[in-house]
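One chain, chain A, appears in both complexes that follow, with chain B as partner in the first and chain C in the second.
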Partner chain A sequence: MPIYLYLDRRTFIHRLHPTVKILAVVAIFWSVYWVDNPLWLLPLGVLLMAGAQLTRAWPNFYSLRWLFVLLVFATTLTWTIFYRQGKPLLHLGPLFVSRASLEYGLGRGIKLAELLATSVLFLSTTKVEEFAFGLGELGVPYRVGFAITLAFRLVPLFIDSALTVVQAQSLRGYDFDSGSLITRVRRYVPVTVPVFMGALRKANNMAMALEARGFGYGTRPTSHVHYEIRPLDILTLIGVILLGAAYFLIYYTGHGAIAPG
Partner chain B sequence: MVVLSAICAALYAAVLVPFKVVPLIPGVTEMRPANAIPVVCSFMFGPAAAWGAGIGNMIGDFFGGVGPADIFGFFANVVYGYVPYKVWQVMAPGEPPIIRSPLTAAKFVIACLLASTFCADIVGWGENLLALRPFLMLGNAIVFNNMLAAILLGPFLLAAIYPRVKAGHLLYEDLMPEHQVLPSKTAWLGMLLLTAGVLGAWLTGNLISTGYWRPHTLPASMTQPPYDRAIAIVVTPLVGLATLGLALM
Partner chain C sequence: MNATNVKTALPSEGAKDLAALAEPADAVALEDVSFTYRSAGRPALAEVCFTQRAGEMIGIMGASGAGKSSLVKCLNAIIPGFEHGHFRGVVQIHGRAVKDVTVGQMAPIVGMVFQDFEAQLFSTNVAHEVAFAMEQIGLPPDEIRRRLEPALAAVGLAGFADRDPTSLSGGEKQRLAIASVLALRPSVIALDEPTTDLDPEGRAEVFALIRKLRETGISLIVVEHETEEMRECDRIVVLRDAQIIIDQPPDRVLSDAALLAGCGIRPPGLNQALWALGIDAHARSVDEAEALIRRSFPSLPPLEWAADQSSSAPECISSDGGSAPALVEVENITHVYGGTVRALDQVSLTINEGDFVAIIGQNGSGKTTLAKHIAGLLKPASGRVKLAGRDRASMRPVEAASLVGYVFQNPDHQIFAGTVGEEVAFGPRNFGLPASEIERRCERVLKAVGLESMRDRDPFLLGRGERQRLAVASILVLEPRLLILDEPTTGLDYPQQRRMMELIGELNRTGTAIVIITHTPWLVAEYARRAILMRKGRKLFDGAVRDLFSREDLLASAAFRVPEVTQLARRFGVSALTAAELAAALRGSR
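Our next item is the complex of A and B:
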């Protein structure tokens, strides 16, 4: 199972400044927020698909295809039931379905799918270090960025370590597979002990190594990685700001809303 | 503390990510046995576990895609990883969080319930505020999911790990002895406010999002689906009250 969605390609989106990418994600989230009508959400969906094509990120979208389907389906269904507005097409006890509730539900479903698509696109084109760098540029403390990067690096190590313990215990005849779901989950408790203790030993050694390297001594730590703002970054930033402004205008003029008919 | 936070985050994410494929409510939440990790880490590492829970959840979200509501998810998990530590400090100072008597079990359940419900309140309130999902859905699914993992796995994990961590002098009190505080009257007041805020937010959030309660003091336009404005006006102060309580503890 992949932990990282990052795909190493040489596209202009990959080469954008990390801070610009984070701001672009925020701008798309902002744009999605203002509009309820599914029709007005479609242009943004087309833009995201163009992004996926440009960055050749389709493999990631394909691996998450069921998540997209479930997200749209479950959200549409939920809001269709909860949004009790408009002339009912079906009214059976708590179940209330109208044209407005269907439109609203579909709009929410598409909205969440677009938020997911934006994040998949971002993660397909941004390394963890770039993300941490971008956060730092936006004023997030260096220690937070460092903790995020370190945690990302440690996840596969811990998963590997847990799998090794499971295999070692299975070889000794420990049965992980029989019994009810709860029994099976509880059988994994002994596995966590060596993983946990190994992790803590690692933490102790790492803390000493970091202290020896002067971690936390200076208020402004230096970095060997530098990203420069290029004209393309500025153009992209202007583009996403205009996109955000356009969607706010759609909301402001009342076009993005659903008519409770 | 930074390394300990990263370790807690990685442990949480390492269990969270493989279970992303087992949905509990499709498209909303999945089976999360990993939710026992922040509680277990909280009793041992306090604030480091809290930041670890937030970051670990963010890594889990990264696997399945992030959204604006994940900001609430981050803070909800920070709270989920912090409340058990603070509640235990107030209710059972100096006692190991290993269940050996019905009284310890009751204290453990109270700590987990407050943490789970506060976490659910923040996510449910945040998502309803952005009109993404109704409070009812996440507010209850999260309490159920968190409590299930914390109650079924937490005590076993603590019984297996806590004595070893204590023997290794790796508890938060050992690593940061200057941060140790004894429970005071203010802490008990904080706990009272936390309980009132957490339970009040959960109850009002559920009632408003289902349309069973429409506060008459609010204009009619605010008590229409998706109830984002009503939730903002009624539930926000209660979430604030719970946060104030936590700060006082």
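Our next item is the complex of A and C:
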């Protein structure tokens, strides 16, 4: 299970200032938020694909391909069924499909895929330490930034221990796929208890090791790596601000919505 | 590793500042230190007094729960700053009382390295990891960059700056943890069982580093179970029941058989051999032990003749007889991780009824993967596993469980129930055995592992050794004909290790075939009959333990050490795996 998506390359996106990258992510999220129409979501998709091409991040997208497919498919399907507007193309009992509901559903699916793609792109090009540094520059307290770093560190450890626990219990005839809902929930106990106890112990060890390495020393921590704001960073920043403004304008003028019909 | 780098990395400014302030040369002084953990009924430390002169290397030994970790944790205020409880007494580092400080503030003065190396690394690359502590104490970025490379060079990780710590071996991870501590230039470094979770190669790396650090004049405190590593200390401090029993140079401590037995410490193998021959002495090396024996037994043949003998005819015992029926047949198993890494490459082997097999090899050599294939926990990329003549893949779980049981390394990966009895009954219940049968089995198994009086206790309140035996019981209750145990003695002290191995030996005598994965040479020598040596996913050796220990070339290539007793025996042309065997052979040839 790859939790660190970071790819060690030297592309211009990799070398952008972490704060600029965080702001770019915010700008893309913002742009995605304002429009529902798949047509207007398309340019963002192209932009993200260009980003993936530029950073050669396709392997990460490939390894997460099922997540993308599932996300787009499930969301499109759900929203197509529940969005009951416009002239029905198909109306069979509770089933209702119109051009508008199709567009809306597809839009929702693409939106989610774009949010995910933005995150994947960000994590493929940014170390968690850079992420924490960028957050610090934006005024986020050091401990919050560090907690994020630590979360990335802990998740794979927990997944690992959960897999081991499942293996260990399966050899004792443990099978949580059978029985009624209540017996199933109770059947999770043999996995959740060891994982939870192990997590507590690990967290305690980690906290101890952290403090022994000076965490909570009292002064404001320094950073041995320093990121300069370069002309390319400023250009990128202007670019993403314009992008955000443009998408707000599209929404404001009513172009981003789905035409009922 | 570069000696000049070590020098530039280590002279500790902090130490000099502190030393200037304090007249006494003691790096560490504990006066009447007592501590009781909040949840505990009895003290972890009781009026402990202890001093360490600057530059000394002190070994701390004792059984589990004797107070070793607690003592070390007092040095950097983890006790009482992090661990809560009742604390009394004075701890001084270079004459300065450790009082009203946080653990973090102690970091530049006392460095601490822990057993759990996974939990000590927080970063995505090695440079960030080493910089972390320096950033925390607010060193200027220029200074941090200046210290980075020397610190890495000092632990032999020069050029690793951009590596991902998760891609390092266990020994490298632990050395990285040491580098990140070194970068702060503390005057005292305490290492709390730094090699317990490492393979023999990792252990050797870390102890070689400790020796190097010692030459730089840093004060070192090492908590360790294995006596062989402790012979080089200036002093050994032995704890028992929260108190210091003895604080003397190694020759005094390690030559006192009664003391070691009373404190749950395994005597060094060489000393065991000397004592078995009636020589009351302490040997620091195989050479010394040989000289001592030759002095007491002048009639023994000289070395040249002996060397001849050993090369021509090592005494050999056939491994498994070959006549016993096959229980497990592994046929050309290949296992591939992540699409590319071959964890197992065309491995075949047979395990017979009644076997006692040790699988050895470095971490990452495929030991656990092989064992998991035998247990049917993994699906091979190619090849197959047969249990009692039938394909493992076609068996129902309940059938397989009655043939092969697997005890995981960490008992805490499977313990969840409210009582010991419930924990043991979990497996048979899952397989739908009748209540009377479950009761009969639980009773028998709890008795076998010596937990019959603890049936209604909460498993989480048991000690590590007891939890390990409970884990064995909860698999044993399924009555498998083969029991696989992954490192059953890791994290146990000597009496607990003995008890666990005696239990496994008894199971084997009563008909259960045993496969253990282990890193401990003496344990292989004393208990296993057959050994399988793995390297890089391939089976390098499969035969009698005695034969394996005469193949030093093979063992060296897998970084596995021959027990010192066996090395000593070879000097006399004898093939012996234990002190008793050696003594018997020498007495016989006299």
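Of note:
Methods note: the second predicted complex is superposed on the first by the 193 of 261 C-alpha atoms of A that agree within 3 Å, B and C clash if a C-alpha of one lies under 4 Å from a C-alpha of the other, contacts with A are read in each partner's own complex, and residues count from 1 in each chain.
One rule holds in what follows: a residue touches a chain if its C-beta (ideal position, glycine included) is under 8 Å from a C-beta of that chain, and two chains touch if they have at least 3 such contacts.
In this text, all values refer to a predicted model and were calculated from it rather than measured experimentally.
In the overlay built on the shared chain, the residue A:F248 is in contact with neither chain B nor chain C. Of the two partner chains placed by the overlay, only chain B lies in contact with A:L70; chain C stays clear of it. By the touch criterion defined above, A:W34 lies against neither chain B nor chain C after alignment on the C-alpha atoms of chain A. Once the two complexes are overlaid on the shared chain, A:M197 sits against chain B and chain C alike. After overlaying the two complexes on the shared chain, residue contacts for A:A151 are found with chain B alone; chain C is out of touch.
Using the contact criterion defined above for the overlaid structures, shared-chain residue A:L210 touches chain B and also reaches chain C. In the superposed model, A:T222 lies in contact with chain C only, and not with chain B. Within the superposed three-chain model, A:Y83 lies in touch with chain B and out of touch with chain C [touch as defined at top].
Shared interface residues of chain A, touching chain B in one complex and chain C in the other, are 150, 153, 157, 189-190, 192-193, 197, 202, 206-207, 210, 215-216. Across the complex, chain A is touched by residues 2-7, 9-11, 13-14, 17-18, 21, 23, 25-28, 33, 51-52, 55-56, 58-59, 62-68, 130-134, 136-137, 152-153, 156-157, 160-161, 164-165, 168, 170, 209, 211, 224-226 of chain B. By the touch rule above, chain A contacts chain C in their complex via residues 4, 6, 8, 127-129, 149-150, 153, 156-157, 161, 164-165, 167-175, 189-194, 197-198, 201-202, 205-226. Considering their complex, residues 1, 3, 5, 29, 33, 64, 67, 70-75, 78-79, 82-85, 104, 108, 111-112, 115-117, 119-120, 122-123, 143-144, 146-148, 150-155, 157-159, 162, 182, 185-186, 189-190, 192-193, 195-197, 199-200, 202-204, 206-207, 210, 215-216 of chain A touch chain B. The residues of chain C lying in touch with chain A in their complex are 76, 78, 81-82, 102-108, 111-112, 114, 116, 118-120, 122-125, 127-128, 131-141, 144-145, 148, 162, 164, 166, 177, 180-181, 184, 372, 375, 377, 397-398, 401, 405-406, 408, 410, 412-416, 426-427, 429-431, 460, 474-475, 478.
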